[in-house]
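Chains here go by letter, A, B, C and D, matching the order in which they are written, and residues are numbered from 1 within each.
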Amino acid sequence: MSVTSTVEFEVRWGECDPAGIVYHPHYLDWFSVTRMHLFRNHGAPYMASFHDNGVVLVALGVECEFRKVVRAEDVVRVTAELLDLTRTRMSIEYRVTDGVGEMVATGRTRHAFVDKQQHPINVAKKSPELWSILTRMKNAK
Amino acid sequence: MSVTSTVEFEVRWGECDPAGIVYHPHYLDWFSVTRMHLFRNHGAPYMASFHDNGVVLVALGVECEFRKVVRAEDVVRVTAELLDLTRTRMSIEYRVTDGVGEMVATGRTRHAFVDKQQHPINVAKKSPELWSILTRMKNAK
Amino acid sequence: MSVTSTVEFEVRWGECDPAGIVYHPHYLDWFSVTRMHLFRNHGAPYMASFHDNGVVLVALGVECEFRKVVRAEDVVRVTAELLDLTRTRMSIEYRVTDGVGEMVATGRTRHAFVDKQQHPINVAKKSPELWSILTRMKNAK
Amino acid sequence: MSVTSTVEFEVRWGECDPAGIVYHPHYLDWFSVTRMHLFRNHGAPYMASFHDNGVVLVALGVECEFRKVVRAEDVVRVTAELLDLTRTRMSIEYRVTDGVGEMVATGRTRHAFVDKQQHPINVAKKSPELWSILTRMKNAK
């Protein structure tokens, strides 16, 4: 098993649509926030360790399944777990639960490490310190 | 083959992130706009034929793969194609290309027909007129 | 002096633009979240006391001045204060400060009470209970 | 009189809230799109002439008044007009009308020219070519 981080979100009015429920693209935004917490909680705050360091974690693909609808002022918890890590790629899994612990959504994102010109990089070469943190995250029990 | 619709988008400044490229959740927003054009262009404007009619097309799942990055003021074309249709479900496929015709992203969304209380409905029973339009869309050559 | 509520926000990656700073429309979204906390903290959760109750607090006008830029992962605190209240209108003031207490932005929103068809209502008549809570908020010392 | 540009927007489903109308922060996003069209239509595309050129047009303040609500699939036209221009500042006015020409909203944004580190700049010194285009826009009859 790999490391996880959990973030609590109160659903915003502006995240909901005329059907009165969360407009589904916002789940990907919650994944993004939780992914950044996952890095920060384990020693690699995104802005300092990736962005300012010339490492961009670009999205290659996303998937999300929606099980239960939530609406404004509901509280959800999003847990991100590092699934796979190589020197060029990373994938993360997400679970969204509501206030009574029921599954609201699940998802996965796949990413590549690129530079600011969007060229693929070997993160272990580009930033050995970041690579060391990421491998510790991957191998944590 | 089923029906398609294509919408042109000029990438908005506010759709881009600090990496200077489109923040990926916005692709799902473009899919949503294009899906609504697909319905309207074939006789079923979403607000009149679904929303005001008590039919909600809730998202069950989304997938998206990103091939090429685009930035503010770039123009992309999104094509939506109706893939599958039953009395309770629908799925749609999307292709995003840039100004030189290169593939930027591809995606799929799966939906269920539900009522305003989010209960599953048989759309053919709930709205025979809408069902008739949707089946014509599915069977168009 | 009237009642206030303060909410802490961690700036989201997706709230920032290619200049690397918060895209300014998102300040209005933070105001919206903080306004809803203001109501809830004083006994009138928006979804239960307004939305489900047929009372819509529509925006008539907004103003915002930006003093200092913030970026992703920065933490800001937004304080909302009820300024004016009548049976048909309400106005609220906002102050945004950063982690060192410096002013980031200030703003005001003006609202009218309307029904679901967007017709103006007298909130004291439409919902005496909500009016009672709002007047207590206005008169609190 | 100064130059203007007008952009037509079809209201997106995701721009609307549970009250079924446009969530008001999105008006500022439409202003942003129309402002960029204003520059591009007069010879200064934002990405090439400002962003890639090291000139950031940061927002100092915004105001918006809402007159009439619109909902998904409605079409609005936003007109931006350059109001004031100095070597360090600029202000722009916006009018939003609906399909029957009725006023939906009006607004103003004030901006400063800054560099990528958010330091104020004299745009006439930093980029004489851009300054020349902007002054032509201001003095156009």
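Basically, contacts are C-beta pairs under 8 Å (C-beta built on N, C-alpha and C of every residue); 3 or more make two chains touch, one makes a residue touch a chain.
Small disclaimer: the values here were computed from a predicted structure and weren't measured.
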| item | value |
| --- | --- |
| Comparison of C-D and B-D by number of C-beta pairs in contact, larger one | C-D |
| Centroid comparison with chain C (C-alpha atoms), farthest chain | B |
| Rounded Å distance between chain C and chain D, as computed from the means of their C-alpha atoms | 24 |
| Geometric centre distance via CA averages, chain D-chain A, whole Å | 33 |
| Gap in Å, rounded to a whole number, between the CA centres of chain D and chain B | 29 |
| Per-residue overlap in chain B, given as positions that touch at least 2 other chains | 13-14, 18, 20, 25, 29, 32, 51, 71-72 |
| Residue ranges of chain D in contact with chain B within the complex | 10, 12-14, 29, 32-33, 36, 40, 45-47, 51, 71-73 |
| Contact footprint of chain B on chain A as seen in their complex | 18-21, 24-26, 28-29, 32, 51, 56, 58-66, 69, 116, 118 |
| Residue ranges of chain C in contact with chain B within the complex | 13-14, 16-18, 20, 23, 25, 71-72 |
